[in-house]
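Below are two complexes that have subunit A in common, paired first with subunit B and then with subunit C.
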Partner chain A sequence: MATAEAPLVHSAQQLESGTAYIPAGQGTQYFGGLLGPQHGGPFPLSNVPVMILPSDQLPNPRPSLVLFAGLRDPKLRMKQAIPLDVTVEEGHVIVNWAAIDEFGSGDALSTAINDFAYALRALYWYLAGVEELGPDLANIKLTLSQYIEAR
Partner chain B sequence: MDAKAREIDIIFRKLHMDTRNTNEVHGVFKYDGIPVVRTRRSFGNAKYVPADKIRCQLKVNEQQFAGLISCSVSEEDYIKILMEKGIISKPKPDA
Partner chain C sequence: MPNEPVPSVVAMLVCDQVISEQGTNKKSLIGVFDNFYSLVFPAALPRIAVYVKLADAQGDYLFKLRFVNLRDESLVFEISIQAKILDSGEHSELALNFGVPVPEEGKYEFQLYAGEEYLHRVTLNAKRAPLPQGGMQWQPPKLP
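Our next item is the complex of A and B:
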């Protein structure tokens, strides 16, 4: 999966707003280094809390559930949104509609959802074209009819 | 081809599934000409194959799925599994 690796932070200090005096001729040595505490700024002291967490304790920005309604087929209309569980397997995002065991996968959530949309369109049109189905596929067709209809 | 994709193709062939290639390989297992189970796998080496999700679509447990890939579960065994789950109607006894 294409995610940026966060740099490891061992310690951090929140600096107050203001200015710092850098002696003439020494300015370049501050670039990439630490600035000292700043003084005399026109702004009030900051009350923004800062918390540094190891990467394995960071909150997951990806939702565990998304509501899908982006079928992208002009011949079909969504009647209601489909709840998709979101998981990650071996660095790949998987979205799954447990009611019919249909899934999508991709390097990111958006590509997994696109993959799911493709699979769902293909499944809908396949089932729509078959008269006699086994009980499981008939149930899937019935479930799909509660969420999707032809225009 | 990814090892998992190869394994799914083994199942497609073993179960004589009807396959059609679009952006992906779609497989349908038919019994007496009636579609009863469907699954799919993506094309391409870079595509991830979520084997566990495919296993769920095939309506088998992990042991049965492994058996489908190896030699221990045949097409006849698979039909029995689906009959026990009610996904295929059991044949009526001869009158």
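Our next item is the complex of A and C:
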């Protein structure tokens, strides 16, 4: 019977920005715009430190508190991570931002976070489009502005 | 890390290998996939790569890539990557080529954290392959 082994990192790299083409005259190694030989090995050398955490030192993947930073809206930027309380109710994971009482739910932590992100994006853009808000919604908008800003 | 800007994930993909072209630094993601078949479990996926493109990041970060079994959200392993990102005005990219153990069939996720901040996830389905006709001898791949 096969056994699952520990993960093995072949290479970990922080990469340089790509360039569409190399202009002629930037060095003879590029043969006037054509690239020279590439590295021959199967994997490049790592250029950033990497650590594999052994299984007996792994943290709880479904903690009671998660710092949310996965908004995923190209027009928005997160100023700071949002603390989410994590609970499980009737087999569903629920993440809740107590400050504005906004929540998301799902079968797993990540699906609950995705649901929360969707609701948060919708709430942000709704509030951004309304000129006059009542005191409750104005407070929510103020709280949101401490965590999220438009690009 | 606590005072660094919160990174935004522009792209995160799982593939066979990430190749960075010398000279242009252009990246090629070879063999983007979502599903993994094995005749037996536990199994090993000896070659897998995760590519991440980030925006807004600047400073010192400890990124954590967590491989989670979605059946019970148990953590299979975690890989930490230290990176110093100089300019938030430019996208930054990470590539990790590695091999992973897959304890059982089912759904898995790679979850990316910056420190303790959840950024993104990609899913991977581990499926049992049908037995070949004729009882062919087969050995599961092993991590090198």
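In the analysis below, the second predicted complex is superposed on the first by the 90 of 151 C-alpha atoms of A that agree within 3 Å, B and C clash if a C-alpha of one lies under 4 Å from a C-alpha of the other, contacts with A are read in each partner's own complex, and residues count from 1 in each chain.
Just so it is clear, a contact is a pair of C-beta atoms (placed from the backbone, for glycine too) under 8 Å apart; a residue touches a chain by one contact, two chains touch by 3 or more.
Computed from a predicted model, the values in this text were never measured in an experiment.
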- Task: Using the touch definition from the top, say if A:79 reaches subunit B (first), subunit C (second), both or neither.
- Result: second
- Could you look at A:68 and tell me whether it touches subunit B, subunit C, both or neither (first, second, both, neither)? second
- Message: After the superposition on A, what does A:146 contact: first (subunit B), second (subunit C), both or neither?
- Response: neither
- Between subunit B (first) and subunit C (second), which, if any, makes contact with A:55: first, second, both or neither? second
- Using the touch definition from the top, say if A:108 reaches subunit B (first), subunit C (second), both or neither. second
- The chain contacting more residues of subunit A, comparing subunit B with subunit C, is C
- Message: From the superposed pair, tell me which subunit A residues show up as contacts to subunit B and also as contacts to subunit C.
- Response: none
- Item | Residue numbers on subunit B that touch subunit A, as the complex places them | 22-24, 26, 28, 31, 34-38, 40, 42, 47-48, 50, 52-53, 56-57, 59, 86-89
- Message: Looking at the complex, which residues from subunit A come into contact with subunit B?
- Response: 89-90, 92, 94, 96, 101-103, 105-106, 115, 118-119, 122-123, 126, 130, 132-137
- Query: For subunit C, which residues count as touching subunit A in their complex?
  - Reply: 6-10, 17-18, 20-27, 40-44, 47, 56, 66-68, 70, 73-85, 90-103, 109, 111, 114-121, 140, 142-144
- Note on the structure: Residue set of subunit A touching subunit C in the complex reads 1-22, 29-30, 35-36, 38-39, 43-44, 48-53, 55, 58-62, 66-72, 74, 77-81, 107-110, 113
